[in-house]
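Chains: A, B, C and D, in written order; residue numbering restarts at 1 for each.
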Amino acid sequence: MNRSLNYGEAIREALDQSLSDDPDVVVMGLGVPDPKGVFGSTLGLQERHGPERVMDIPLSENAVTGVALGCAATGMRPVLVHQRVDFTLTAFEQVVNQVAKWRFMFNDQMSVPMVIRMVVGRGWGQGPQHSQSLQALFAHIPGLRVIMPTTAHDAKGMMIAAIRSDDPVVCLEHRWLYSIEDEVPESRYVVPLDEARIVRSGTDITLVGVSYMTLECLAAADMLAEAGLSAEVVDLRSIRPLDTSAIVSSVERTSRLLIVDNGHVVGGVSAEIVAAVVEQAFSHLEVAPERMGFPDYPTPTSPALADDYYPLPHQIAMRASEMLGKRFSFQPIDRGERRLDQPHPAYQGPF
Amino acid sequence: MVEEAIANLYPEQEMRCPVHLSIGQEAAAVGVCDGLRSGDLAVSGHRSHAHYLAKGGSLKRLLAELYGRSTGCTGGLGGSMHLTDLSAGFLAATPIVGSSVPVAVGAAFSAKARGSDRLVTIFVGDGAMETGVVHESLNFAVVHNLPVLFCCENNLYSVYSPMEVRQPGHRTIADLAAGHGIRTSAGDGNDAEEVAVLADDAYRSIRAGEGPVFLELSTYRWREHCGPNYDNDIGYRSLDEFDLWRANDPIEVLAARGVWSQRASDTEEIASEIHLAVEFARESPFPDPETVRYPVLHRSVS
Amino acid sequence: MNRSLNYGEAIREALDQSLSDDPDVVVMGLGVPDPKGVFGSTLGLQERHGPERVMDIPLSENAVTGVALGCAATGMRPVLVHQRVDFTLTAFEQVVNQVAKWRFMFNDQMSVPMVIRMVVGRGWGQGPQHSQSLQALFAHIPGLRVIMPTTAHDAKGMMIAAIRSDDPVVCLEHRWLYSIEDEVPESRYVVPLDEARIVRSGTDITLVGVSYMTLECLAAADMLAEAGLSAEVVDLRSIRPLDTSAIVSSVERTSRLLIVDNGHVVGGVSAEIVAAVVEQAFSHLEVAPERMGFPDYPTPTSPALADDYYPLPHQIAMRASEMLGKRFSFQPIDRGERRLDQPHPAYQGPF
Amino acid sequence: MVEEAIANLYPEQEMRCPVHLSIGQEAAAVGVCDGLRSGDLAVSGHRSHAHYLAKGGSLKRLLAELYGRSTGCTGGLGGSMHLTDLSAGFLAATPIVGSSVPVAVGAAFSAKARGSDRLVTIFVGDGAMETGVVHESLNFAVVHNLPVLFCCENNLYSVYSPMEVRQPGHRTIADLAAGHGIRTSAGDGNDAEEVAVLADDAYRSIRAGEGPVFLELSTYRWREHCGPNYDNDIGYRSLDEFDLWRANDPIEVLAARGVWSQRASDTEEIASEIHLAVEFARESPFPDPETVRYPVLHRSVS
């Protein structure tokens, strides 16, 4: 029970177990069986389950999304894997017009049990076309489920749930989470696809984190605690449907809401959260909910510019304390030799 | 006759959805579906009524769908442009051009993966051959040696756009497909017998595991692109051209050859079937808005 | 000055004048020169400006978007036309990864002066794949301008501005607006691409309408007026950037905000408006801002279902009056013989 | 040598962006760009350094870009994967596979529309041929008879994926392109002279208004897909295969033929140029975050 796996290994185990349990599951995507195995998440699967069930594809993301839909509509449970969400825009038509709509427009006569895994890049100069985080685009489309697990534990449980789900599930995985370990049971467990999780209780303000930003929120909560402020941290996990009630009930306790999205603020997931919370908990709010996330321009490549692009824990703590009417000066986390375009080494579970 | 009935009734404004009729192109649908077994699947695009019926779809459920009724093949949710009928082996028709093609290929992939002897036929138009996704689909089908027939009904137009502005004149559509290394053939899409021979030939080799086939059929749409009327007056094609194709009526072709004679009793029988289907559609209830408002997502898994 | 044109004619005039004024302008799209001329909006342009400048394209929306980008980056000003926004999803990769980002990621060394017109379908059973209204997807992407003119007057002025703009502009045109007339000057005038417009002043509540929904808001404002309530109606017009200040200053006067979007509510433009207004005018709000729009499922085809899909004036009036703490019962507009899947005949300018 | 220098310096972690090196594939870039005039444009994808330099790009600005400096060809915003240098006639390189191809076609369209004699060359890999957008682009170029050369460097791999899982073995990439009715040719991509002859031949016919040409060049990437190292140890390709291609070194090919002999003085000169460029890059300032935060949109028009 105390076994540790990292995020990539956890996903691999979910795929491995699903492939073993259900002959209808197939895994396909560019590089799935290659020596790198999509950052380790598909390593060894082809050897274990054969080239018919774990396969590479041509550089045709659009058609292969349709192929997966054809498989799903005729009884299989395909898992499509993309090394960057940016690449999957080529398949956006299939996802939005077809995958999301078949079950509805065909009057529930068939379901579309497929999973589309997309990795979100960050750092090391991946720049404008390899590090977008486009969950908001999928979050707007009825018929899709959209998840962004943060911990290795949730990654495994939600992946198993996604594969078993009869709805299409889009799963966005942040690259910087891959090496982070957490307690991951060996059993085939399921984490619900539509529930946020309180990762740290607090009383003064609710911080909602999306994916990697949940870890930054936890670090910010530490800083706030040192300053005597108590932040509750919610790991959103489900982007569509949103678990509004979990957030609302947290805000009913703390009266303050700061969302830290891993994506553009404008027109993003954080806007929907604000709107939903305002609709349901207006009278509980002491101050206006605020949002942090990516600024309103594409990701620049040079580390000199990219360092400035992402919210950092001390900035989150600062904003939270301002919402509480305080003004402390929080110091950036000590990163030793590490530059900001690499993941923070200290983030390790269990969470 | 079915589609003529639709064309006649459409102006009553009870079929409140766009319809793309196949009048003039019937031979392709009939000839190609002739060799399909009931376990095989057909997939189509925006112009799909003929494919649906030829694959054994229900005339009643089609008309009810056009009339937006709960007894339609998608319960009124899809309308003319989004059909499905798994009981007839008609997987789907969807109207984003090219977009249903990889789905058909996926159905063929799944048939092969599960060791079934199912075969899939996907219908496309000449315009669809300009979409990237069709090329990706052809390549995928060839690489995986899938049991799928691509049937292209080349009716010379994409809406009102002639070939010249869309494709080069010095290659055929079959040539284009052949670039992918797929077996191709081509023929007169207005001759149901010829079509059936070509299709059967394709099915034989597909069933023998020799991989996908691409079939180009030349034909012509008589009515407007979308809607019930003739539109030779608006000037995108010449009356000469129309008359030439009109003379090559797929039904007359068979009749002239004596293969099929449309006897008065047949005509009557069909007419009465159509009449019954229209009645059925008209008398069917509309879907209940309350039931549509169900949440789109299934309940969570556990 | 009192000349009337309908929306389609107004756009055609904008294109015609731009083609005449600037040799770099070209217009391309499926069916652009055909006898229907994209609902009339491109009729006669090829005859006037030649097949090199006004042209049909192959059924290759994705590549042609790249072609237009290549034209724009080398000095031309292409206008791409699509008969449905649904079709343009095939080109989403080009729009998001390339068109929106070139100017930024190439450090302003080139600009991308192109316009992408997309028609939004509605009614007559166009159903799930022909009547989406996906402005929220484009609104999330930095580097794009996104507009939705409501009146014929604005359609012309904003189209001219869009063509002259050095940024890529996505213009979404609601099909039901095409036949509606308004006063449209013959001159080459420009309407700013980033300003909302107050179409009706009021004091009790601010109704923000998006595209066709602005007309429904005006009808609702009439009903409210009969009940003694004074609604201000703002025509959003610009989706990206949002004219937040116009909305905020209206809300500062009325203290109440109801947004009626022509699109899905969840994750939509209305969420961004709520979030922005809450951030800037929290203390002015008497009640929580609310949102109306399309429900969270795809558009059904049958009129029996589609009738229920779109907000109607009496429902807007009802919601507004509830936000004012009143409860009136407003009657649906009398539509005579017309069913709800056809445009309302009474909507005519000047607005 | 330039890219070897990049490979050597990369582990210092001062070039903080992904790099896709063309070592082993130089002959294609050099031979194809040889016949381009300065007013012509080149466009590329993720593996673009060689194309950029061969088209006359600045070594200093390239290295400064890799080092993320404000003096880089995109001021540090783009990095290795997003290059532009209009002064060198290098329109753009962008790394979404296939995505820059229609843009190149658009540049050719615009050249033709404006009556210029400019020609555009677009570089793609074998993997790109599997993307739908490349097919749409080929068709568009043929329909409009555009002045564009499609140059495909077939290095047998897409990342670590071999041909078998992506394309059928019984047709070549040139065959595939030929389906579109475009003129094609193919040759040894490791022989710069042969490449130049094929390219010049293509340019002649393109400049004569005879429309686009497609050129398939076989070649091989020596190092890993992305990054500075050799990766023959990870098992996706055989050492035999590697050695075979290694023996067919594009530079040795020329040297053996006596066309070009790499004299010590040349080597020294190049080394010093590289050294200077690296110095330039290292000493250049980083871009200022303040200036990047400008609003993305131009001011409104009036």
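To be clear about the criterion, contacts are C-beta pairs under 8 Å (C-beta built on N, C-alpha and C of every residue); 3 or more make two chains touch, one makes a residue touch a chain.
Quantities reported herein were computed from a predicted structural model and do not represent experimental measurements.
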{"item": "Target chain D, source chain A, minimum contact steps", "value": "1"}
{"item": "Most distant chain from chain A by Cα centroid", "value": "B"}
{"item": "Intercentroid distance (Cα basis), chain C paired with chain B, Å", "value": "34"}
{"item": "Centre distance in Å when chain B and chain D are each reduced to the mean of their C-alpha atoms", "value": "43"}
{"item": "Centre-of-Cα separation between chain D and chain C, whole angstrom", "value": "41"}
{"item": "Distance between the centres, which are taken as Cα means, of chain C and chain A, whole angstrom", "value": "32"}
{"item": "Chain B residues counted as touching two or more neighbouring chains", "value": "74, 76-78, 82, 94, 96, 99, 130-133, 136, 139, 143, 165-167, 296"}
{"item": "Multi-chain contact sites of chain C, meaning residues that touch two or more partners", "value": "57-58, 60, 62-63, 86, 90, 93, 97, 104-105, 127-129, 142-143, 296-298, 300-301"}
{"item": "Chain contact topology (line, ring, star, complete or other)", "value": "complete"}
{"item": "Complex contact set, residues of chain A against chain D", "value": "30-31, 34-36, 55-60, 62-63, 86-87, 90, 124-130, 295-298, 300-305, 307-308, 339, 341"}
{"item": "Complex interface listing, chain D residues touching chain B", "value": "130-136, 139, 142-143, 165-168, 170-171, 175-181"}
{"item": "Interfacial residue positions of chain A with respect to chain B in the complex", "value": "26, 52-53, 57-58, 60, 62-76, 93-94, 97-98, 102-107, 109-111, 142-143, 145, 161, 164-167, 190, 192-194, 241"}
{"item": "Touch list for chain D against partner chain A, complex", "value": "16-18, 68-69, 72, 74, 76-82, 94-99, 127-128, 130-133, 158-161, 165-167, 234-236, 286-287, 289, 292-293, 295-296"}
{"item": "Chain B residues touching chain A - in the complex, by the definition given at the top", "value": "41, 74-78, 82, 84, 86, 91-92, 94, 96, 99-111, 113-114, 132-133, 136-137, 139-140, 143, 296-298, 300-302"}
